Each structure stands twice: as C-alpha cells, then as structure tokens.
Amino acid sequence: MTEYIIKNGCVIDPTQGINGQKMDICIKDGKIVDKVSNSAKVIDATGKTVMAGGVDIHSHVAGPKVDAGRLFRPEDKLFKSPNRKSNLRMEMGFSVPSVSKTGYDYARMGYGFVMEAAMPPLEAAHVHEEIRDTPIIDEAAMPVLGNNWFLLEYFKNHEIENAGAYASWILNATRGYALKCVNPGGTEAWGWGLNCITIHDKVPYFDITPAEIVKGLIETNEYLRLPHSIHVHANNLGNPGNYTTTLDTLKLVEGYKANNDFGREQVMHHTHLQFHCYGGDSFKSSSFESKSKEVMDYVNKQKGLTIDTGNVTLDETTTMTADGPFEYHLTHLNHLKWTNVDIELETAAGIVPFIYDPKTYIAGAQWAIGLELPLFAKDKDRCFITTDHPNAGPFWRYPRIYKWLLSANARNDLIKNELKYGDKVLDTTYIGELSDKEISLYELAQMTRSGVAKALGLSNLYGSLKTGMNANVAVYDIDPENLPSDPEQYETAFGNVFAFFKDGVLCIENHDIVNYSMPKKTVWVNSIVPENKQVERDIRDKFLHSYTVDLENYAVQEEHVHNPYAIKVDITE
Amino acid sequence: MQEVIKHVACPYCGACCDDLEVTVDDGKIIEVKNACIIGTEIYHHASREGRVGTPRRRQPDGTYKDITYEEAIDFTAKMLIKAKKPLIFGFGSTNCEGMAAAGRVAEDAGAVLDNCASICHGSSFLAIFDTGYPSCTLGEVKNRADVVIYWGSNPAHAHPRHMSRYGIFPRGFFTGKGARGRKVIVIDPRYTDTARCANQFLQVQQGHDYELFDAFRMVMHGYAADVPAIVAGVPKEKILEACDVIKAGRYVHIFFGMGLCHSDGRNHNVDIAINLVRDVNEYTKCTIMAMRGHYNIAGPGIVWAWQFGFPYCIDLTKGSVAHMNPGETSSVDLANRGEIDAFINIGTDAGAHFPIRAFEKIGGAGIPMVTIDPSVNMAATVSDVHIPVAIVGVETGGICYRMDNVPIQYRAVVKPFNGILTDEQLFDKIYERMQELKNAGIECDGTWDYATPLADVRPIKEVYQ
Amino acid sequence: MNTVTITMVKQPQLFLEADLITPDQFAGKSIEAIGAIEISEGKIKYPLASFAKIEGVSGATAAETKIVLNGDLTRVKRIGQQMTAGEIIINSNVDMYTGGWMKGGKITVNGNADSFTGIAMAGGELTINGNCQNHVGSAYRGDWRGMTGGVLRVTGNVGNDIGTFMRGGTIIVGGDAFIHVHTHGEGGTIIVKGNIQARVGGQSVKGDIFVNGKIDFMMPGYKYVEDVEKDVDGVKAVYAHYVGDLGERHPEAKGQKVFTNLYLKK
Amino acid sequence: MTVLHLNMVTQRAVEEGEAMESGKTTQKYFDVCSIIEMNADDFKELGINLNTVVKVTSECGEVFVKSTIGRQTCPRGLCHIRQGVWANQVVPPRTQSTGEPQYSGFPVTVEPAPEARVVPAVELVQKACNKWNGKLLWPM
C-alpha cells in the first residue's frame, strides 16, 4: 500500500497538546505511523497547517427531510450550481447540496466525518441510501426519539430498562448512532397542531412533560452506556425570550454523570445553541436581544454539557427541522413555501426557505449571537462550530465562520459595512463587548476536531493525529508562524484544503479532488441489552395496531447498510 | 417444495401494501394472499408462459430476433453516446437501486432523465415547488384523521386497498371507531365507487376545481358571506357544510389525485389545495398527500433529488450543470417538439400512456429506441431493442418509496425468469460499456446513422473543464 | 450604437440554446470572436458561426451594441437571456426563454415567441409583435420572485400562466389570454386587452389587473366594489373594480388590508 | 345521425389495472379498455344499444370504441374512456407547459359507428408509428 509523508508542516493536534510544532506526519496502510520508508510519497507542507480531519457533530446532509428540501427548491439550483469539474460528478444546489457536492465540499474543507443530525427511524433506509451515494466522508445518523410513542409511555411510568431495551432495538434497527431529541413533546403535540413551549407543558394525551422526556432520555442513554450523550434540540427554538427555556433544559443535566467507556464526559449535547439564546418578547419589537452570555455562563460551569453553535452565515438558505411547529411558525413570518411531514408514532419535520438578510436587524443579531457563543466558551473542547446545516447557513460556509472567529477585524468590518443595523446589533448583543477577542488555530482545532470527536465518543477514530489513528489529515495553506494579515485568506485556505487524506488515501492534492472513490464508513452503535419480553411484545403490538408498515419490513436490512462500522456496546457483560 | 413467504410488499400501486403472503412451489408462484386483484395479477403474470427471456432486436419486417445481453447493451450504450439529446423515461416500476444506476448512466451520457411523474403527479411537483407540501405519513391518517377528503382521486379503482389500510376504514390509535368515527368527503366530477363510501359527495364541474378550492379558502379567510351561490357546479350550502365538517375535525387530511393534475391549470389545482391546507391549519391540524400511482413512482423523485437536486425532467445534456423545467425538459413536450434523438423506455409504457400524437413523434420518427421492461408492452412493439429485466418485488428486492415517501424494503419471492438481469445490473453494464466505447474513441460528433449530418457544422471539443 | 447582424444559414436537427446571444456577450468582441461564441444543440456545443452568418461591428459596451437576428430562429432558445443593456431585434419566430431574466435593454421580436418569454424579467423592454405561448413574464419553478420590473408587451395572444408570482413591472397583452393570469401575484400590473377564459388573479396577494374583454369564469374570490374611470395604456375607459382574491392572505398597510385590484372594462 | 358534443376525461379503473398487468396484448386488456362510458341520458340521445361501436373524435384524432353507461356515473356532458391505448388516440398532447398532456377535460364528438371495427392496441400503436406490417405478432 502507498506510503505518504507530510513533511515539515506546522502540526496542530490538541489531543497531543501539539500547537504549531514543525513535524512530519507519516501515513501507511491507512493509518498514521511513526515512520515510513524512503519510497513514501512526499507532501511538502512547509509553511502550512496540518490538522486531523474535521469532525462535524450536527449537519443535515442525508435523509428524507434534506431530500425534500432539495426537491422543493429548484430555485436553489438555478444559476447557483458550480460548473462540474471534468472528473467529478455534478454538484447541484446552494443551500441544500446534492450528495456529491456534500461529499466533495466537506473534503474540500478537510472534514472526514459528518453526523447526520436527524434520522426518522421509519425512514432510516432512505438515510442509508443517501449515505451510499455520498462520496468520501464517513457518516453516522442519529434516530430522532424525543417524541416517540414507546418512549413517551415508558418515561411516563419511569421504566428506564424498558426504554433502554426499546432504544437499543431502534439503534440496531435503524443502524443509528445516538439518541436525538427534537422539541421534546412539542413535535408530538404538533400531531394535533399544538406545541410545548416550556419544559413543563404537558404533551396532549401522553400526559408527560418535556422535562420528564429529557431526563428519561439521559437516564436511558447512560443506562445503555452509549458513546455519545443525548443530543438535544430544546423546546421553544427560535423564539424571542426562549433563553429561559434553554437554561431550564440545560439544568436538567444536574445530578447526572456520564457512564461510558468512550471517554465522553457530558450527559447532554445541546445543539445549535444560537437559536436558543434570545431575549425579548417579539421579533417585531425592539426588545429582541442576545442572551448568549447568560446561557454560556451556565454552560461554562457545567461540565456535563457540550454545545454546538448554529452560526448564521447571512445567506439565503433552507431551514429544516424535526421541530414541526417551529417551521409552521416560520412560514407565517416570511410567507414562503412550507413543507411538513409528520411521521407516525415517531416525529415530524418541517422545511421553509429563509433569507438571513444582513439588511434586517434580526439576522444581524442572530449572526452576532452565533459568534458570541464560541467567544464566550471557556472550554473549547465543549463548544463546536456548526451552522446546523442548512438551517443557519450551508455547511460549506464554515471557513467564513472561522474567519469571523480568528479575526476580530473581519467581524468588526462586517458589523460596520454590511449590517444595515450594525449599531443596533452592537447595542443589543454582546458582540461589541467581544470586539477584540479572537480564537487561536489551536482552539479552532478543538472546536472542529478533538473536542467534537470526544463528545461523540469517537476519539479513537477521529480528531487526532496520534500514531495508530486512521489517517484523516488535512493540510491548509496557513502558516501559523506568519498568520495572514488579510482575514479573507483564512476563508480561502480553510475552504480549499491544500491536501486531504481520507483513511490514508490521498483525496485532495494541490487543492484538487483527485480521488473520491475511497471506501467510507457508516458508523453505528450495536447496543446489546438483556432480553426484554415486555418490550418485544410492546413492539409487536404497536406494529399490529398503529404502524402502517410490517414489523418485519421496518428494520433496515443488511443489504441496505453500506460499509457498516459497528461500535459494540454490551451492557449485559 | 411449497414455501410461504410473508411480509412481501406489493409492486403495484403507491399504497405499497407490505403484508402479502406468497406461496411458492419450485420457483412457481402458486397463491397470493392479502393483495388486491391487480397485485395478485402481477405475481401470476411472473409465472405465466410466454414471458420474454432474452433481449430482442426488431427486424425490418416487424418480427423480433433474440440477441445477447452484450449486443443489447452495446446498442444502448452506443446510442446514448452518439445521440445529441437522448431521453431516458419511465421508472414507474423499478427499485431505487436501478434509478440510482440510471442516474449515473444519464449523467455520463448527457441525457434527459425523466420519470412517469412527468405525465402523472408532475403537476404536484410543480405545486410543491411553488407552495411546499404539508404532508404526513399514512399512519398519521390512520391514527389521527377524523376527516378524510378524497379530491379528484378514486382509490376504489387506482389504489384498491388504500381506503381499508389508511384512509377510511382502519382503526388507529386515536381513531378506534374506524370508519364510524371518520367523516369522509369525496369531490369528483363523476360519482365514483369511492364516492359511494363518502358521507358527503360534492360533484364539481370538470375542470373547475380551482374555483371550488378558492371558495373553500374564502370561507377559511372569513369571507363565507361573499361565496357565490354556486361555485363550479356546487351549491354554496354544500360548500359551507363541508367547511363546517373540516373546521370541526381534530385532524383533517386531503388525498388528491389525477383529477387535479390532468385537467386545466394542472399544478395550480394542487397548489391551491396546498394553500387550503395552510389555511385549515389555522383552525385545526390538516395535512395533504398526493395519491402516487405506482409502487415506486415516488422513488425517482427522491433518488434524483439527492443526485441532481431535481425530482424529474432533468436535462443533463449541458454536462456542467443539470437543468429542469417541465414544459421544456418534460418527456411529452420533448416528444411534441421533436427535441430528442434517442429514447429509452424503462419500466413504463410510453406507447400506451402517452397521447398517441406525442408518442408517434418518438416511435415513428426514425430515432433509435430501446425498451427495458419485463413484459411486452406497446412501446416494446415499436422499439429497436427490447431488453427484459427482473420484476421488482417478485424476482428482485430493493428499496421502493411509498406514496408518503416512506421507504419500503421489497423482497424477491422467486428467482429471475431465465436468469435475466435486474435494472441495476443492466444500467451498470451499460455504464461500463459506455466507458469502453468512449475509451475506444466513440463520441458524440453530431452524426449517427439515422440522422442527417449537417455539413460544415463542427462541434467544439472539450465542452467543459 | 453599433449593429451586429446575424443571419441563420442552417437549421439544427433539434433545438439550439443561445443564451450567449446578448449585447453583454457581444460587446467589445470582433466578428470572429462573436462567431466563436458557443451555442449548443443537445450535448454538442457549436460555434455560432456554424449556424449563422455574422456581419457588422459590436459596440464597446453592451449599451452600445445592437443585435439584429434574421432568418428562421423558430428553433433557437434563450436569446437575450440575462441581458442588461443594448438592443436585440429578432425578425423571426423564436423559441423559449427569449429575454428570460433580462435586467435592462430592449428586445423586439417580429414574430411569435414560445413559452417562458420574459421569465423572471427584472427590467428593460421586451416586445413580441406576435403571439406567445405559456408562462410569459412568469417565475422560474419554485421561485417566489417572478417578474420584478420592466415592460413586457405582446401584441397577440398568450397562453396560461401570465405573470405568475409577479412582483413588479408591467405586462401588456394585446389579444386574448387563456387561463391563470397574475396567479400568486404580489405586485405589478397586467393589462389584457382581449378575453380571458378563467382564473384571473387566483391566489393573488396584491397588484393590478386590467381586462378589456370578457372573462368567461370569474374567480369566486373577487368582489365588486365600484365603477371607476382608468387610463389604461393610454386609453381612458370605465372599469368595474373588483378586489380579491378573498381566499388569499393579504398584507396590511396603514391598518387597511391591501387586495389585488381587478378592473373589468364595462 | 346524432352527434354528441361531450367533455372527455380518462382515468384508471381497477379492471384496466388488472388487465394491464396481464399484458397489454391480451384480449382482456382489449375488452376492458376499448369502451366509452357516458351519462344514461346522453347515451339515450345517441339512440343506440349498449356496446354499439361509436366513433370518438377530438381535435387530434379519432378512435372507435364500444359504448356503455358505466357504474361510476358521469354527469350529462361528460364521458370517460379508461386510460390506455384507446383513450390516448384522442387525448390532446398539449401540456400547458407542465409536461402533462390534457388527459382530462377536452372536447370530443361521439357518434354511432355500428359497422366500424374496434382496432387492437398493437395495431393502433404500430400504425401511428409507421411500423405496422399487417399482422398481429402477439396473439390476443
């Protein structure tokens, strides 16, 4: 097998405390090794930054809702799709790219692993079909469980073993990775056109509250000793004044401890926090303001939490979430087309195009709040960069977000020159207070590599350049010893990786994709629990009476899971 | 030895019933349980004498001569490369694996890729582009809906088990009374067999559904008083009565069908229906769903959306980007306008289901034509080459998308007849052959033995980077 | 202003896509360079000179460039697409998308134009001295931003979907329209001097529609207000003023709901 | 002789679906698809018996089919031929720029043609495509 040596680059690897040290990275047989033979192909990384492949903790890239977003927005392709490169497949779409563009663009940013943020269990086969067609990147998907009828009933009666047996069955049936929770209870209420705004609102019929659901999920997750914690999108997303709901939700972790063998320390990951840090009483009134500091103050002192940002990129994009009632609310704000899919017994989804227009005050404030979160974060290993792709902006804008974080000038310029209500944004958010704060490349690597992999329980697969790791390595045109004076260079360099290795295969060489046919993994958790006849009977019963597919056709068949990589977690041992 | 295979999904309509039990004896299908009359017929057809077991080439006298797969694949691959604008149409009856493979072929060939939605629920796509699609899975209807509306659709005939599995009769979690607890409204120009199951039947004047929807929306927007005395042939009292039923419902669901898509206004009949759903959500929960015809006609829309971003009518001839605009890149319009120079009919029958005045411009235009289908259909009878393939859901499995876009995993119950290929295998082989031909220097240079070369017209090489 | 004259000398077997025939593309180019501009027939790209004789001189800028097209252009699509300035005169029938997404300048077609003429037009003048097919001045699929500006004039008849999702500008139809006029409109003005079969102003939010002939089937959602005198394309007449579509959402301005106005000539 | 001016639609029927799956070259498909259904009063006006062959003519063609009233009743002025080869002989291919032909809602005339032959599907399609050589290769 081919050997490579990435010579003389400035290596940044927080997992080993390496910060810009000049060293060689050797690759052999897909792994990072201590040394290679003389015949190894040399990649000259002089004056460049070398990092482990990026890890995305939350991105909507494959599955029914993403695809519906592609399907219902032909205008997202018109004059907006890049011209095809001769040796690649077509790359279609701006805010919701085709699977080819998704794989290519992640590789171009130096990312090797992406977590699909929401997989409706009933439609898991669809997610795996798209994963098959997405080139280069390894993927995993989280089944959405915060409004699942089985779990609502088990949690109501506090049957954690039963909930665990069911969740374990779902992870295996869907080839899923972690327990995702979106608008707990609220999405079930949406089945009747209702919602749960606070964590104490009762879910219609099921007589349970979002707080009880979240606690139940935490207990189930730790009972199952899963690699990742529960992954929460809290109630009341996107609404002015919602930060109190957010704090209430975050505080639910108090008293719980992580229980797993994967090095994960948190018991809850709260996703796209930007959408959950709003003060004020309405988008229309001038009371709308940032509460990122209040929320981050709590996050900073609570070790049981990790978060990702959900940065607004000021683009025209497509919002999509399992938070059905939120999307219904959104379509009333902008009167644009609205797609909704309620999924029997499980979840829902809504999709609405949205324009984060820098000429509006709200978009400017949302942009600022998204940047405040990582700037406030004390522990960069617990705060990760996302755009909640495509909700706050497309993922391929990450390099632009890095620019805004790495360079205060870039941020301040934008406030001054591009935001129409820049002064008002300065008044109502904390971005002015942070006007000289910048993160380092080392911190960026924590927020996009090491920290993310740890929170996902995937430290032994991703996010590190330690010897023996799978060789996912990105080389960027940035010289840490001579940082660019023009912040635009950050965006260019992080968006067009100089070289990228995926599992030891040279995928991008000299900025061009040279190989996209390397094997890629579908990572999933094979959870094993004690036999549970009660749950088996409950499952049979629900399929007999309530589902419209046969139980025997529900689990994704082996032939439809592509390049599976199982992480076995056996709690019976 | 007899074997009963259970939980088999049916390859007929978009209801995708997955509870069939098929009895097989020595590779022959003996009995089918739980399927409707049409589904049953599909399984029996698979075992019937006289199926086509090898590819065939049409002879000048109209007879067919058996050829090998290699010859058929070579013909198809060469045709796709040489034609300036080949059209690949169909996919009503294939699995998603076949559609994904066809997507790769079409992109490499620079073809137009279209599916049966183009003449079926394509208008619904246009409406979804404009207005979105507030929908649900069928289980939501079964478990929650107490008001069900079938508008311009006739499941009694087109989706025979739809009403019993999902729409009217099933007892769901919150709908334990089944049909007795549901109010059913049917709106159609004809008094159909579905209408016989309705609590309320509104006989709309054919072609005027749009106006009737507008009247419904007026009521929802508080302008009931301004509704004219008769709208689209329906008296105002009946409209108001139906609106009262809708507003009083806890969960309202609208199923719509070809009655909207095939009449004047096409997409706008659907788009206003979707807007009515938005309006009704101000009062109570309301969702809508297209009554997709074939068991996997939702599939190509889904697969191609992730490959190209468009569900149908995908013009890949530019090579650099995909383009979609029904009315221009749609199969019937391409045929009407004489805008294609090669045709693949796959898993459908353009010969029977296109208006003949459109089809004759393909079948009678002297352009090369290939039909890929398990059976002899009308398109096959005028094709240069007919390539039989395995029947999905009978001889091969795969993923198919139900009308609510839920993926259903299909199973094979018998081995492919005479060892014929699946769609996926066939398209993969066509793709391989295309690479071989391209490597051997075969290219699209504007000439092809059926076409008149244009003198002095020289193409530009290296069309994109 | 300099003029480039293009005369079709050959016909394609299929159709030609000529989105690069615009003053913007021609400006500052030599005749040879213009002849080398790509037009495509299916997946083959040809130099324009393969199909047409090119004469004259282009201007330094688009605004100083006029293009005259002669010969049979019935099978040529996308002429004048996205043009920003200058002038195009087409002495023939043309195919689809003529003047699509145009932002400025002037196009005159002395003949009929097919569908999607002036689609998502944002400015300039587009005149068809003949009939058009469907989706004149309409939006691209899925886009809520249809025609936003400019004047689109058709002297003859038009088909369905005239000004769908229109948000600005003016469409004037000298003859009849079939169905769906100003559907989903949210601004702009449409004047139809002939008759319309049905579906005028359906789902329209705001804007103005003038009809001088008859409407066979009125939308139920339009309500008569009063008779008014209006000056329409230079001619004064009395019109019955309707507002609607009462079945659609409407914005408020100064505490009043804003409706689409439909003026039907008495 | 009476000539009716009707509005025509074409849609699926369960009989058509079943026959289609048996094969479009079969007698069964021929029997269930080559029929026109109309309102009883319109039928009476034609002055013919059930199953008499009629000629249906639209703007773009004509077809001979057997006449019935049909269980799923049409209102006066509307007629229905089950989707398939015979209906498509008269369906206008115009699409209103949507891709979908005018399958429902186009004017036809219906007149008795008791002497005429109802032509089999293959013959209709092959003739339209200039590929008819005078004999049916598929026995019905």
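To keep things simple, chains are lettered A, B, C and D as they appear, and every chain counts its residues starting from 1.
Keep in mind that, in the parts below, a residue touches a chain if its C-beta (ideal position, glycine included) is under 8 Å from a C-beta of that chain, and two chains touch if they have at least 3 such contacts.
Source: prediction; values computed, not measured.
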### Message
By Cα centroids, which chain is closest to the centre of the whole protein?
### Response
B
### Higher-contact pair (C-beta pairs counted), B-D versus C-D
B-D
### Whole-Å gap between the CA centroids of subunit B and subunit D
22
### Summary
Separation of the C-alpha centres, subunit C versus subunit D, in whole Å, is 39
### Query
How many angstrom between the C-alpha centroids of subunit C and subunit A?
44
### Computed distance of Cα centres, subunit D from subunit A, in Å
56
### Task
At least two other chains touched by the same residue of subunit C: list those residues.
115-116, 134-135, 140-142, 144, 160, 249
### Query
What parts of subunit D, by residue number, touch at least two of the other chains?
96-97
### Query
In subunit B, what residues contact two or more other chains?
126, 129-130, 264-265, 319, 324, 326-328
### Message
Applying that definition of touch, give me each pair of chains that meets it.
### Response
A-B, A-C, B-C, B-D, C-D
### Query
Okay, in this complex, where on subunit A does subunit B touch?
62, 64, 66-68, 70-77, 81-86, 89-90, 92-93, 96-100, 122-123, 125-126, 129-130, 133, 149, 190-193, 205, 328, 331, 336-345, 348, 351-352, 545-550, 552-553, 556-557, 559-560
### Query
What residues of subunit C sit close enough to touch subunit B in their complex?
10, 12-15, 38, 40-47, 50-51, 96, 115-116, 134-135, 140-142, 144, 160, 165, 179-180, 183-184, 198-199, 202-203, 217, 219-221, 223, 245-249
#### Entry: Touching residues on subunit B, where the partner in the complex is subunit D
12-13, 36-38, 41-42, 45, 61-64, 118-120, 122-123, 126, 154, 156-158, 160, 189-193, 195, 203, 206-207, 258-259, 261-267, 293, 312-313, 326-328, 330-333, 335-336, 349, 351-360, 363-364, 375-378, 381-382
### Task
Over in the complex, which subunit D residues touch subunit B? Could you list them?
7, 9-14, 17-18, 20-25, 60-61, 71-75, 78, 80, 83-85, 88-89, 91-105, 121-122, 124-126, 128-133, 135, 137-138
### Query
Which of the residues in subunit A end up touching subunit C in this complex?
72-76, 78-79, 335-337
